[in-house]
Amino acid sequence: MSNQSEPILLINFKTYLEATGKKAVELARKMETVGQETGVRVGVAPQFCDIEQVAAHVKIPVFAQHLDPITPGAFTGHVLAESVNAAGATGTLINHSERNLKLPEIEKSVERAREVGLITVVCAGTARLGAAVALFEPDMVAIEPPELIGSGRAVSKESPEIITESVRRIRAVNGQVRILCGAGITTGEDVYAALKLGTQGVLVASGVVKASEPERVLRDFCEAVRKYTYK
Amino acid sequence: MSNQSEPILLINFKTYLEATGKKAVELARKMETVGQETGVRVGVAPQFCDIEQVAAHVKIPVFAQHLDPITPGAFTGHVLAESVNAAGATGTLINHSERNLKLPEIEKSVERAREVGLITVVCAGTARLGAAVALFEPDMVAIEPPELIGSGRAVSKESPEIITESVRRIRAVNGQVRILCGAGITTGEDVYAALKLGTQGVLVASGVVKASEPERVLRDFCEAVRKYTYK
Amino acid sequence: MSNQSEPILLINFKTYLEATGKKAVELARKMETVGQETGVRVGVAPQFCDIEQVAAHVKIPVFAQHLDPITPGAFTGHVLAESVNAAGATGTLINHSERNLKLPEIEKSVERAREVGLITVVCAGTARLGAAVALFEPDMVAIEPPELIGSGRAVSKESPEIITESVRRIRAVNGQVRILCGAGITTGEDVYAALKLGTQGVLVASGVVKASEPERVLRDFCEAVRKYTYK
Amino acid sequence: MSNQSEPILLINFKTYLEATGKKAVELARKMETVGQETGVRVGVAPQFCDIEQVAAHVKIPVFAQHLDPITPGAFTGHVLAESVNAAGATGTLINHSERNLKLPEIEKSVERAREVGLITVVCAGTARLGAAVALFEPDMVAIEPPELIGSGRAVSKESPEIITESVRRIRAVNGQVRILCGAGITTGEDVYAALKLGTQGVLVASGVVKASEPERVLRDFCEAVRKYTYK
């Protein structure tokens, strides 16, 4: 993921049945195909149990949805950085609003991910929280106002000021981090608006995963990325 | 796992590096071999990311280490019963002392596991807690006093009264549930003592996983099971 | 609280502004007055910061709303049994559905309360959870289905089978514990129904605290208790 | 607390028996006396149940040890800003390492404290976490490396670089916030070192509360403050 300026579309599979087990592999393949055909960078974040199979079947980046701030040892039921890595993931979400961590845990999880070479995408629900997590120097910060997640009302259309403010606050403390946004994104227009507001990508879940034709929706997103990139 | 009277040895891989990724598959294979050779029932509980590969390579029961009390949906970073099942697990630990749940979450996790056909092993640290979780009618209750976990001092030798009391209290509310015990188990003698105290199996982690020769240790355990069974 | 057969009405002040600071003291006094006038046993559960003042101004039992499973020491921001006791409380709620605890924490909190002489009221949302917590031998178990809390639809009218089943399951494991129920209770009729179903009291919050005339509502409840008791 | 340049000594009572109930009031009075005699600003942070009585008996600032990120309503067992305020507290600790919050909860707790006029002291265990919480614009940030808390090895002597780095990182994002440090502080020399490293105060607990003569220790601290201030 060398070219930092090229936008990325990251699809969070959450714990949707439409993206569990064999369906996770199928969906990831469709996402890969659309990415290849449009030349846009696409990544997927399946459930823990599906990482290995998804990573075995696609060449696009695969992310875990969460990482525990632990080192190898007696932590039954937790998610170890080395395990995620061994399964073939290239990165991980951290502190998603559906899996918030305590503050020191975020710092530790980012460190653990970095130690094993995982790309880190730390989520935050507000501009100020985005700046706070940007201090941990993750690879990406994803701004997702929880109240818009799954709403179908795109953050980039409904609350553009949250994104503008997030970009401003994050850039004040971290000039390098890639900024994504998400919540309610369902159309290429929403994606275009997000990029125009200063982000370098979009984190999306139900808008793609629960769509009747996920490829069609992702294609729409990718075309928006191309339109924006070559504008 | 039809014959309830036949003891079971369940190996919890925790998040030990010795049992992560390819090493999880290798260790599970060794456990399977020893189980086959001795005719003793052996199960393994690898990390989430390793369930699929372990289940693909062995025929012994594979358990998840934890399950979240969720239904399919927007639960990023959580562990869905359907996902664990699709990966090939036959059961799951719930409420391990390193991953304790709130009380209503235990009830819900047992229900969710049952709905998808997963065998449930609910952990508890004391006799009274064991009886409390036995009310949820899981397939097994595993008594592990947290203070002895990883101590090398076997609960069955060090604190036999905890097991006796657990069996008594659990049986007062549930005549069916299989009772396991664990914590500090490192020798066949410890296993024998556990069975003699009225349990139907043992949950073990570091005693096997971190041993220099895990097969040798497990073989020792299995011989104790045979000695007890055919006594 | 010697006479176990005499019903009790316990008013949970939650964190309602109508029952914070001076208003907590005023409300507790009104509750005391109604209790005295009707001869019915009434208790109140104000916020931590209000326990001392409420206990200084009324003679009815005062309960904390929560207790942490800690011993004296370095536990900044936690609620210590000795502190609750020193402030003048006679008891404490434990594991309210708005403040659920992990399973071993419930056992420990009941022990800590007992050690300092606090009456324990352990809450549970279902019949099975009620039986589970009854194993810890608290003084009272309060059954409150979370989905009915604050709904205005009384558990005793809307879901009488939950109460019947709770009484049955709890009595199977504990013949001594006082059984309360709550959720949606707003009228004397609801209270009467609760007692008739086999409970020995009611836990109520918004139905009294947020009523335009709390005394009037409590008086209605108390008359229902008298009617039931002398039926 | 107008003069930002004047150092403050804040005594956290934790849940020590030596500072519970009547002893909390007595200890607070001693702290007040020493503060008055030396002319140094001293504050105390007693347990929730003791806030009202402590605030009624001393004129020095009284802090809660924790605040929940809630508005008035159905939050049984939680700590409401309005309640802490009504009891007479002038401020509150937030996110102490013994009571860490999830990231969005910190932001919300600071907001809630500000809304009711409480002074906010947000704790953090590392320099980077200190900067992260400074973005929420609390009145004070307290840096306490958890590994040194209660150790008797003063952060200002043992790990001066943590404080220097904290001051540097915090000042990079917030020029206004008062910076405290704590952990292992037991002598006036430790306090002097802390101030010299660029902090404007010290957060201390066992070093004072569990001392055989708390006044003597605090007096030692206060003299160090005076020595530093008039150097």
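In this document, chain identifiers A, B, C and D correspond to the written order of the chains, with residue numbering beginning at 1 in each.
Just so it is clear, contacts are C-beta pairs under 8 Å (C-beta built on N, C-alpha and C of every residue); 3 or more make two chains touch, one makes a residue touch a chain.
Bear in mind the structure is a predicted one, so any value in this text is a computation, not a measurement.
Chemist: Hey, what chains does chain B share as contacts with chain C?
Modeler: none
Chemist: What's the distance between the Cα centroids of chain A and chain C, rounded to whole Å?
Modeler: 45
Chemist: Could you put a whole-Å number on the gap between the CA centroids of chain C and chain D?
Modeler: Here chain C and chain D have centroids separated by 35 Å.
Chemist: Got the chain A residues that touch at least 2 other chains?
Modeler: Touching at least two other chains: 97.
Chemist: If every chain is a node and each touching pair gets an edge, what shape is that graph: line, ring, star, complete or other?
Modeler: ring
Chemist: Quick one: which chain pairs are touching?
Modeler: The list of touching pairs comes to A-B, A-D, B-C, C-D.
Chemist: Which part of chain B faces chain A closely enough to touch in the complex?
Modeler: Contact set of chain B toward chain A: 12, 14-17, 20-22, 45, 47-53, 64-66, 70, 72-80, 82-84, 86-87, 93, 96-99, 149-150, 205-206.
Chemist: So in the complex, which bits of chain A are touching chain D?
Modeler: The touching residues are 95, 97, 100-107, 124-126, 128-129, 131-133, 135-136, 146, 169, 172-173.
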